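A short write-up of the structure that comes next.
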Amino acid sequence: MRIEKSIIATHNEKKIESHREQFSFLGSQLEKKNVNADQVIQNLIDFQIAIPSWALGSGATRFGRFSIGGEPSTLEEKINDVGIIHALTKSAGAISLHIPWDIPEDTEALKELAATHNIEFDTVNSNTFQDQENQEYSYKFGSLNHMDERIRKQAIAHNLEVIEYGIALGSTSITVWLADGASFPGQADFRIALQHVQASLQEIHAALPADWRMFIEYKPYEPNFYSMVIPDWGTSLLLAEGCGENAWCLVDLGHHLPNTNIEQIVATLLMKKKLGGFHFNDSNYGDDDLTVGSIRPYQLFLIFNELVADIESNGSYPQLAWMIDASHNLKDPLEDLIQSLEGIRIAYAQAMLINRAELESAQQENNVTVCQQILQDAFRTDVRPIIREARLRTGGAISPLELYREADTREHLIKERGMKSIASGL
Amino acid sequence: MRIEKSIIATHNEKKIESHREQFSFLGSQLEKKNVNADQVIQNLIDFQIAIPSWALGSGATRFGRFSIGGEPSTLEEKINDVGIIHALTKSAGAISLHIPWDIPEDTEALKELAATHNIEFDTVNSNTFQDQENQEYSYKFGSLNHMDERIRKQAIAHNLEVIEYGIALGSTSITVWLADGASFPGQADFRIALQHVQASLQEIHAALPADWRMFIEYKPYEPNFYSMVIPDWGTSLLLAEGCGENAWCLVDLGHHLPNTNIEQIVATLLMKKKLGGFHFNDSNYGDDDLTVGSIRPYQLFLIFNELVADIESNGSYPQLAWMIDASHNLKDPLEDLIQSLEGIRIAYAQAMLINRAELESAQQENNVTVCQQILQDAFRTDVRPIIREARLRTGGAISPLELYREADTREHLIKERGMKSIASGL
Amino acid sequence: MRIEKSIIATHNEKKIESHREQFSFLGSQLEKKNVNADQVIQNLIDFQIAIPSWALGSGATRFGRFSIGGEPSTLEEKINDVGIIHALTKSAGAISLHIPWDIPEDTEALKELAATHNIEFDTVNSNTFQDQENQEYSYKFGSLNHMDERIRKQAIAHNLEVIEYGIALGSTSITVWLADGASFPGQADFRIALQHVQASLQEIHAALPADWRMFIEYKPYEPNFYSMVIPDWGTSLLLAEGCGENAWCLVDLGHHLPNTNIEQIVATLLMKKKLGGFHFNDSNYGDDDLTVGSIRPYQLFLIFNELVADIESNGSYPQLAWMIDASHNLKDPLEDLIQSLEGIRIAYAQAMLINRAELESAQQENNVTVCQQILQDAFRTDVRPIIREARLRTGGAISPLELYREADTREHLIKERGMKSIASGL
Amino acid sequence: MRIEKSIIATHNEKKIESHREQFSFLGSQLEKKNVNADQVIQNLIDFQIAIPSWALGSGATRFGRFSIGGEPSTLEEKINDVGIIHALTKSAGAISLHIPWDIPEDTEALKELAATHNIEFDTVNSNTFQDQENQEYSYKFGSLNHMDERIRKQAIAHNLEVIEYGIALGSTSITVWLADGASFPGQADFRIALQHVQASLQEIHAALPADWRMFIEYKPYEPNFYSMVIPDWGTSLLLAEGCGENAWCLVDLGHHLPNTNIEQIVATLLMKKKLGGFHFNDSNYGDDDLTVGSIRPYQLFLIFNELVADIESNGSYPQLAWMIDASHNLKDPLEDLIQSLEGIRIAYAQAMLINRAELESAQQENNVTVCQQILQDAFRTDVRPIIREARLRTGGAISPLELYREADTREHLIKERGMKSIASGL
């Protein structure tokens, strides 16, 4: 199924009057605040977020999975699903593959298919946390950190293979997330484990094409419940610096201990010029993988505040990998992704409204009350009309979620693929 | 210093045009959603929040205090400070006293003074967590839970005395917050401690005038760091039920373990008809006592969602005690309270915009995506114009914080009271 | 495979001399402290812990499963595995079944088999968090809390069926753990959900045989990540009281928010005469399901301190359900269970060494230093010899884990059952 | 008051027989395990822990202070109090001063006094989190991070002054703990704040004498409740590396977010050769400053496991600063320090019992069960007799706490100094 331009046009026609009124009001308000609305819109248009191939089916918890039907069971179908999202939102112009869940067989055909949706191949992801059929050694006790050199070699080789797939598809980066760790005190020697991971990552880094980047993700716990070899940003940075200039840190919003100030980590990594990208999601407890913006929208705004501050101070956009990494147990995965995209864009738009000169001045004077007022004034502004306008200008739907439902998209997908199709992933 | 009506009028005149435009737009939007804006405004007007007498000076951490100057050192000055806030915001029509930090000497004069500000005396608060000069027994090892009956008796007597002060001032409730607990395993017998507290609270409850209520506050840690006798809502409810119908639970937003779902606790206590009131503040880590709405505005909105749902389903307002309980280390305390009032009212107004019929219908169908949309649509709406309108209609300032600053309020207070005046409190 | 008495005898012979020396020293030390060692031993002998049928195979995280081989794939094999553990440790004289993972077909034959191992059938566990083949309605959006009455009825009927299985096997209790909850704000109405669960539990409770008990388990999150309908002990107690005298609260050590004082909850529930039993495990972060005693042995000791205090003050043993609930991803499950049993018994034995008269006296005097000394003196004592002695006196192995390995138990099980057998469970 | 050798001798005489019996049994057990008991004893004798000058009086929470009487109000009295502890325990051979709470006036006299107690001057501590009388600029909004250069200069100058005091006393290191941070989003620019702190620390580092070291402490929150400029080990390491070879990281056990794996941080910093020292204490929730070993003794053991592993692999002792940093609200401070010293030494002794060759071998084979057994076998061993033996061999008391009480130490101190003497500190 594809979302045809005509149904978008019909949808927008119904919505346009109400939208014009709201956008016009917002525009007039922004003008009074000397915000260049057209620039905000252009930035929103340019801001494309990658959809992970494993987020297109129903996710599971360890207690079970509840399928929704019509899930994409081939890579082609996954690309088509991203195509639906991108057609509606005009903000999901990339897909991020996970090997071996998505082995691209005919790369040329895949690239052609993706091109018809105007979708690029973003970061490729390796997997050394599960055993595959016909795999020589098990990752039960680790991969890049393993005490047994043969297993480290196997895991390194897998990463190099993933890079090869990525090259064929036009990707220019690889994300390494390791489940490596220990569930019991004494199980592993922390230092040896870290040294093994450092050496393994150096090998992968050395094999990167010159224009590629490697992202090193951190996570404090799960699936290991005593320690993870890369538990925090400090370890990720230490490893990235130990690898060299093409190694970067990746921040998954759900990978932090309770009460962590994530925006401060973002700021520090930006300052060190080692922030490589994001996995967006939201959470209450741990790696809950909930819809972006569904739980702590103000925190998300504060993270974008750091990003926009960096962009504005450097005069240029940092070359970051933006990706959603959520798991959709209860919602239609495509609906969930549309909501996540909206959550991200709202936070980004709000952050662009912050009056930075005034903020700096208030910070300079330690005027804490006014600092808060300036941030909250941006956050309290209803920016949804400007996001709709950005979609409208690029051919997307004014209300992507409504149109998704009006078009009976899920029903069509079930008709095409059946109720029992299962997407690979967690 | 008093905020004269004339300066409010002058301030509002400058702001009125811009306000009218924003309110008119919001009104038209709400009308399309069948929201009765006048009812929302009336509810906001009726919604008065008590200011605690101890929040009017600079708060301290255990690492020190930084005074701001012009702090109120008498109860009369404290009432005058609340008067300033109420004149500006028209939403702080009550003061909550803390005994013995505020011993009301001449109650009639105090009531007259308060009446000139249109301020009532809300809940009175007892203090058995500090030793006072001339106190016979120390509370070092507890009060209502103490192993020594004489100390329990002393603490009960103090509470009865606080009720007497409250009666004289026209209060109708007392809040009991206990620091009682233990900092080390083994220090106390959990069961004996809880039984002592239950028996002590029963004595206080028995002494309440018929129209009075007693609020039992809970807190998981600090100042005791191993256990508190009333650590959570479950214990608070158990004690309230053990006392009788005039005993209620009080929720301080900062008194929870990391990641607690506070809105669910609110819902459960509402269902049990035992929610007595709130201490509003915000926090990242523990009992941080930060400005309401400064950290987790969405959570605050979700709490008000429960309150509004209860009001709408019962057709009447629950008789709740609404109070701010924050500690202002870095901001001007009066500015901070104005910001807290605004944060509370924004959350309340947003919650009134939720379309409950649609929400119930989406919940009935397990349409999780739409449930989220409905809540977030309300939360994303910029309700500030309607809050300003509520103030405007009752003679308050369109922008209380701006006017507070324009009027050089703090400077006047310093001139009146000096730089070194210190308010009682933490 | 069975552990024959003869190999235990051979094993013990090698160990007996060293054991005698250690036990003799410990005995003399305890005598000086007026501890009745024989009574401690008898209590240890009487203290039997149920093994859950789902802990006998390799557990999984949502990221994958790594099988160990020789896993029990039938209920008979599971009983035999518990038989191995019990033969070695003489402390695992019960098995707890999970329906529908273990449907007992021929109950008489199962009872006979269990009797040959001297094993009883403990609490039966229902499952309404997963969908089974041929199930009419899905539990995707809940079970006892579901908005749709038909699904609540189905879930109630399942519980009644589980009770029937339990009656046939000689069980006298059922544990209800619900995954019911919501992953997003707004998804559910907290109050309606709780009322539905209350009514459903009342129906199950009403159907209990007179000598049966129902345990209501609580958990703050997972698999739902915004709210669980029974998140904490307070809600569990509220529901148990709403059901009646055969409803009790069950404490799973891993089901708490960070930093929760679990021993205080245990004390409060004991005081309310509503503590029904335990699921033992250990954890760093959440429901990690690690080996009991592997992470926080002092906390476990403090929990047993409450239990022993209750026993000693009541002069009788509370009728509690003791069960391990762990998930063994990296260890041989049987080894892990043997370690868990040891961890539990160490904590229990240590708690029996506490001098309660001295502790009460120190508490009475608020002698905090001495209170700590008394607890830590018991905790620092090396009680392993007395635990070995209790095993020795009942025909168990002095070192169960060593003997398990010497006997090549896992290798035998793999030979019997193959490498690919998979046990039902998470 | 001084603890005379004669009363120690008398005390030991009463205890010696029982001790000999226990030590002899433990010695024989260790011998069987090929542990060199004499080496363990010698290591314990060599292991001296600094007492902070501010831990000798009753600590306070922000809710109040309860004095104990006899508190040391001069630096001389503080040295004498450490003298009492050291005489009893022979393990507290150093004092750590805090400027300006302890301004050493006559350094020669102080050194002589300390020498009579056999006490050295350990790390000196600066204080830029409180305002002192006659201080030109306030630290209300920070110190080394302040937006105003004059305030940064003032704070740097204070640190240089502290180093001067330290030189005069024979110290060779300074600990910098900063309260610098922000309590509200937007209050500070994270990057500018961090850059200011980096530059300020570089200035202090540059002024260090060649044989001096600077320790950079981290803390996630309190007294600032939104962000701290140095919140975690990663930031501390980044700053230390930015300063140079005499800058090191300092780990305070209470300065971590919930569930942090502290021993892993210790291992990583040891691997990076940047671990400078410790502040020992224990905690349930945050910076609770409880007695070392009173809450999580197993975690403390795991931390010492890393330290001993490092010592054994390097063949030499890392030059670490060992210090207690606790706050004694409810216990007699001296009793509390004696308990803390005992807790530390127990963990250290246990860690020396770990059979490292066996542990490495089990780790090599991923034998998780055995890894746990090896650690827990050491932890379960009752090592108290060997700690007593170490004290006995150096003239300390077999039971320091008992003797402290038998000698009516606190009563003597009260007689000397009065009930109202107050020690400087928190």
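Note that the chains take the letters A, B, C and D in the order they are written out, and that residue 1 is the start of every chain.
Methods note: contacts are C-beta pairs under 8 Å (C-beta built on N, C-alpha and C of every residue); 3 or more make two chains touch, one makes a residue touch a chain.
Values in this document were obtained by computation on a predicted structure and should not be read as measured data.
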What is the shortest path, in steps, from subunit B to subunit C when you may only step between chains that touch? 1
More C-beta contacts across A-D or across A-B? A-D
Report the inter-centroid distance (CA atoms only) between subunit A and subunit B in whole Å. 39
Roughly how many whole angstrom separate the Cα centroids of subunit A and subunit D? 43
In subunit D, what residues contact two or more other chains? 140-141, 183-185, 187, 220-221, 226, 258-259, 261, 284-285, 291, 294-295, 298, 330-331, 366, 368, 372
Applying the document's contact rule, which stretches of subunit B touch subunit C when the two form their complex? 140-141, 147, 182-192, 194-195, 220-221, 226-227, 231-235, 237-238, 257-261, 263-264, 267-268, 270-272, 298, 302, 305-306, 309, 359-360, 362-364, 366, 368, 371-372, 374-375
Which residues of subunit C touch subunit D in their complex? 18, 22, 25, 29, 32, 258-259, 261, 284-285, 291, 293-298, 330-332, 335-336, 339, 346, 366, 368-369, 372-373, 376, 379-382, 384, 401
Within their complex, state which residues of subunit B touch subunit D. 60-64, 66, 129-131, 138, 140-141, 179, 183-185, 187, 220-223, 225-226, 258, 283-286, 288-291, 294-295, 329-331, 426
